[in-house]
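Pasting the structures in now, so scroll down.
What follows is a pair of complexes built around subunit A, which joins subunit B in one and subunit C in the other.
On to the complex of A and B.
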């Protein structure tokens, strides 16, 4: 693995003419501005050096220099380095070379900006519509600044997404848009020969509400953490922390160590919750409802604990820019220790039962197999990658909050299948328990839990932050606003976004009966991917709705009256 | 009295099958640390479904299938002795009749599923068909072993064969095969593959609702109790008093025991894939063939 300096040097040497400038606001963030002609070549060089593709960020810069900007983000996990490859193209001809042919995971990001910003990517293998509804008019690019946030083009009939052609001799089995395997709307068209899967097409983003657009135009910096938290019902703190960290980095501020410790504790409580929840769902998906019920019984105290610490069972509302909103008092600390002790004992029982259950092995071993190379090619993250012998974990590799003070191991197994993801997740839960204990033990007693923003916010500052969510790495990118008290651009990439792109490869040649657990094994969160939400932004106020009003409202919606 | 036995058989089954279903649900719930619905919940489910609008697909096969399924299982019940007392019909039937009737029920499910033309139903139907083909031989071998023992294909002769001959190696092997196949006979985990909620959304029954679905549900409950009763009658025939009603009571208690077993196995296993199940069924067929082979040599 090359060091940070080697990476810089190698890029400057090989692409002298193409690089406009390099910036390194802090040691772990390297921004490289390049001419767009070389984007594919340089991206490939970065991947060759060991860079892992994370996400692309497209933004509208027309007001300033009549261009559309594009950032490809890469991470060097061993070096704790984010490499941001920035380029731009004139708005009247926003054509870039596609990097998807070599880096398949960029496929969705590029399709996203094709839909939302009107960019074109030459050489993209599947330039179909990804995010916009099928009846959205062509030529209207909602993420451009000239398009108002509340534009509602008239709905059109008789338009539908054209699914990929099924391979010869195969029938198409629809899994979705509504299907008990999926707890949210998404559509997998699975092509089967008998019961063997020969391919699959995906159409998702059915609940896309444009949360990024909303936050770029309607709210202020301090409100976004609460909206970010509602991107996902399970990893709310993850998104709030990722956003807050990115913002703090862009502002150039530091928060107190105690606040970082509390963030760490919240993130790990969330991980315990998420993994227990997943274990239950996975049990249900292979038709083993006893695992489902027992895992959720064990999960219950975590939600009690959430309420004890924050007042909410889930969607804690704890994390804001500058720190956290509530302190952990000695009494709460006592409760946390008791609850995790109980969970640890009960989870050990479950772990033993599952590890020795040959029937579960039958349903998960060898299912959804991928090779290590495929995982790296597809830039998959989280337990999905770690179950296939790819040793990455943002907590250790790209440390944030108080993780640099924690001692923990990153469970990695080489079974290459769904069973591996079960093992990894259970072991990670034990690690999470140990991290919480360490954090409570080492937490400094002084320091404000909330540091106010006092300095002027620098305009158009770029910052990126990633968090190891229970499902994998979650990446947030921010460009600060110029005159308004809100980001110019905020890009969210939840872990399901890359992992879902790897699902077709996992399904190949498996049985139809394995579809639920394969999709389930990435712990999919379509709402994260779609970035949806339900907040009344017009008044900007939280309104209490009584049960009766809610009932009337839903009746009105159903009957259209 | 023998005609009364038919009425008693059918009435007991119709009255108690939902109760035993409720027992399964209750035990499963307890294993899963849940409260569970009251044991009489399945009666309420049936009543509720019967009171709903009947949505039909518009072809006669779709509408007829549930009735055929229910009729076939009730007929089978009328033939098979309960409380160690042959009914009026038992003497008129041989083992082939019962196998036919049971297969007819499965075929009715298939017809209903195929008539509904739903993708999931068709997948469910193909899985159901595989299950029928692979599991029915175990049932057939059970009867044939009995027939070999008493040298008669008559239903009563075959069913009471173990009561007459006592346990032997062949009976032990067949008992094992029957127990291993029990979850598949009653379509419970790990062999509820044809219904598989999270994969194919109850498969063959996806398009059914209201009274039609109630008939199918009732059919499934009766079938479940039928196999439990058959197991008890054939393999555990020794707890008997000679008094008809006392025997009925004992046998129902034994059936209850079988249901406890079914729910415990069902709640501690995930669902198998059809390809895994097929390998399992194939082993069962070999096992049951071995039992018949042993019985031919008088073992």
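On to the complex of A and C.
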């Protein structure tokens, strides 16, 4: 693996003409401004050096220099280095070279900016609509600054997404948007030959809520952690912490060590409950409801613990810019230790009871197989990658909060299938318990839990932060605003975003009956409803309610007019 | 192997027994620092609107009916119970109670409406509460607040105006053929 300086040197040597400037505001963040012609070439060189593609960030810079900016973020896991490749194109011809042919995971990010910012990517293998609704008018790019946050274009009823054609000889089986195995709406068109899956097309983003636009136009820095927390019902603290860390980095401030420890403890408590939740759901998906009931029974004390520490059982509302809101007192510490001790023994009981059960082995072993190379090519993250012998974990590789003080092992297995993700998640829960014990033990006793922002916030400062959520790596990117007390751009990449792109590869050549557990194995997090049906109970007639009627109805109900 | 794990599973299920709580027949009070329904103490409130400015869900609205009368409205139907209002209140007029059984058919049951009598500063024309000292500095008021209490909507501070030319494309927009 090349060192930080080697990476820097090799980039400057090979692409002298293309690099405009290099910036390194702190040691672990390297911003490289390049000409857009060389994007694909330099990205390939970075991946060859060992960089892992994370996400792309597009932003509107029209007001300043009439350009649209694009950042490709890469992480060098062994070097603790984020490499951010910044480029831009004039707004009247925002054409970039697509990096998707070489880095397939960039596919969604590029389609996203095609929808939201009107960028064009030459050479993209599948330039279909990704995020916007099917009836959203072409040519209106909602993330551009001239479009108001509450724009509601007229709805169209007769537009439909054109799913991919099924391969010759295959039948399409639709799974979703509403399906018992999916807890949130997403549509998978699964192409089957008999019972064997031969491919799949995905249409999601049915509940795209435009949180990024909302936060860029309406609320202020201090309110965003609470909105960020609601991005995900399971890993709320993760998003709030990732946002707060990115903001703190952009502001150039440091928070107290004690606050960092408390954040670490909250993140690990969240990991315990998330993994137990997943274990239950996975058991349910394969028809093993004993696991479902017992895992959730064991999980409940963690929820009550969260309620006692933070005042709410899930959306903790604990993390804000500058630190945390509530302290961990000696009594709370005692409470946490008791709860995790109980969980440790009970989880061990579950582990022993299911580890030898042939039912769970038969349903998960060899299912959703991927090779190590495929995982690296697709830049998959979290337990999905660690179950396939890819040793990455942001807590150890790109340390944040107090993880640099913690000693823990990263469970990696090489079963290459869904069984591996079960093992990794159970082992990680035990690691999380050990991390909480260490953190409570080593936590400094003094220091404010909340550091106020006293310095002027630098305008247009870029910062990136990543957090190892229970499902994988969460990445937040911030560009601070000018004059306004809110970010100019805030990009969130949840771990499901890359992992869902790997699902078609995981499903390939599996049985149709395994679809639920394969989708479930990445612990997917889509997000609510956009249509409903009214049935007249007396006549039994069903009547479709159009979007417009529904909207009027709900307005009447909520405003009383 | 299969049988031993089944026996283990039976033991695992039997040992804890029934864990379902008797709630709602047996009350299950919330813990001490629970963030439940917020409570407003109108004796302490100085009408500074700090809670309204910090509410992430925008559920606290302020409207000055005239120079002397300020209405503060809390609409709990959208409240996320984050407790930021209680954090930022300079007079500790807001406390988060342990009430959580708030389901109701009428949103007015949960709406709090406070009418505060304020005075106008002779020098700057802003209104303030005369009963507490030095209040005008604490309030840091910026002119009139005029939220729409009927529609329960905050009037956005900065609504960008859309260029109507953008929407002409919408009107001529051709839907893709099926």
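Following the convention adopted for this analysis, the second predicted complex is superposed on the first by the 527 of 561 C-alpha atoms of A that agree within 3 Å, B and C clash if a C-alpha of one lies under 4 Å from a C-alpha of the other, contacts with A are read in each partner's own complex, and residues count from 1 in each chain.
Just so it is clear, contacts are C-beta pairs under 8 Å (C-beta built on N, C-alpha and C of every residue); 3 or more make two chains touch, one makes a residue touch a chain.
It should be emphasised that the depicted structure is a prediction, and the values quoted were computed from it without experimental measurement.
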item	value
Combined model on subunit A where subunit B meets subunit C, clash or fit	fit
Contacts of A:483 with subunit B and subunit C, given as first, second, both or neither	neither
Touching partner for A:454 - first (subunit B), second (subunit C), both, neither	neither
Partner chain(s) touched by A:308 [first = subunit B, second = subunit C, both, neither]	second
First, second, both or neither for A:151, with subunit B first and subunit C second	second
Subunit B versus subunit C as contact partner of A:445, first or second or both or neither	neither
Partner contacting more residues of subunit A (subunit B vs subunit C)	C
Touching partner for A:290 - first (subunit B), second (subunit C), both, neither	both
After superposition on chain A, the shortest CA separation from subunit B to subunit C (Å)	5
Shared subunit A surface residues [contacts with subunit B and with subunit C]	290, 293-294, 297, 359
Contact set on subunit A toward subunit C in their complex	135, 137-140, 145-148, 151, 153-154, 156, 158-160, 162, 217-219, 222-224, 226-227, 230, 290, 293-294, 297, 300, 304, 307-308, 310-312, 315, 317, 325-326, 349-350, 352-359, 484, 558-559, 561
Subunit B residues within the subunit A interface of the complex	28, 31-34, 119-120, 123, 189-190, 192-193, 196-201, 267-276
Subunit A-facing residues of subunit C, complex	1-2, 4-6, 8-9, 11-13, 15-16, 19, 30-35, 54-57, 77, 80-84, 87, 96, 150-152, 156, 158-163, 166-167, 169-170, 173, 175-176, 178
Residue ranges of subunit A touching subunit B (in the complex, touch as defined)	171-174, 179-181, 195, 283-294, 297, 359-360, 362-363, 511-516
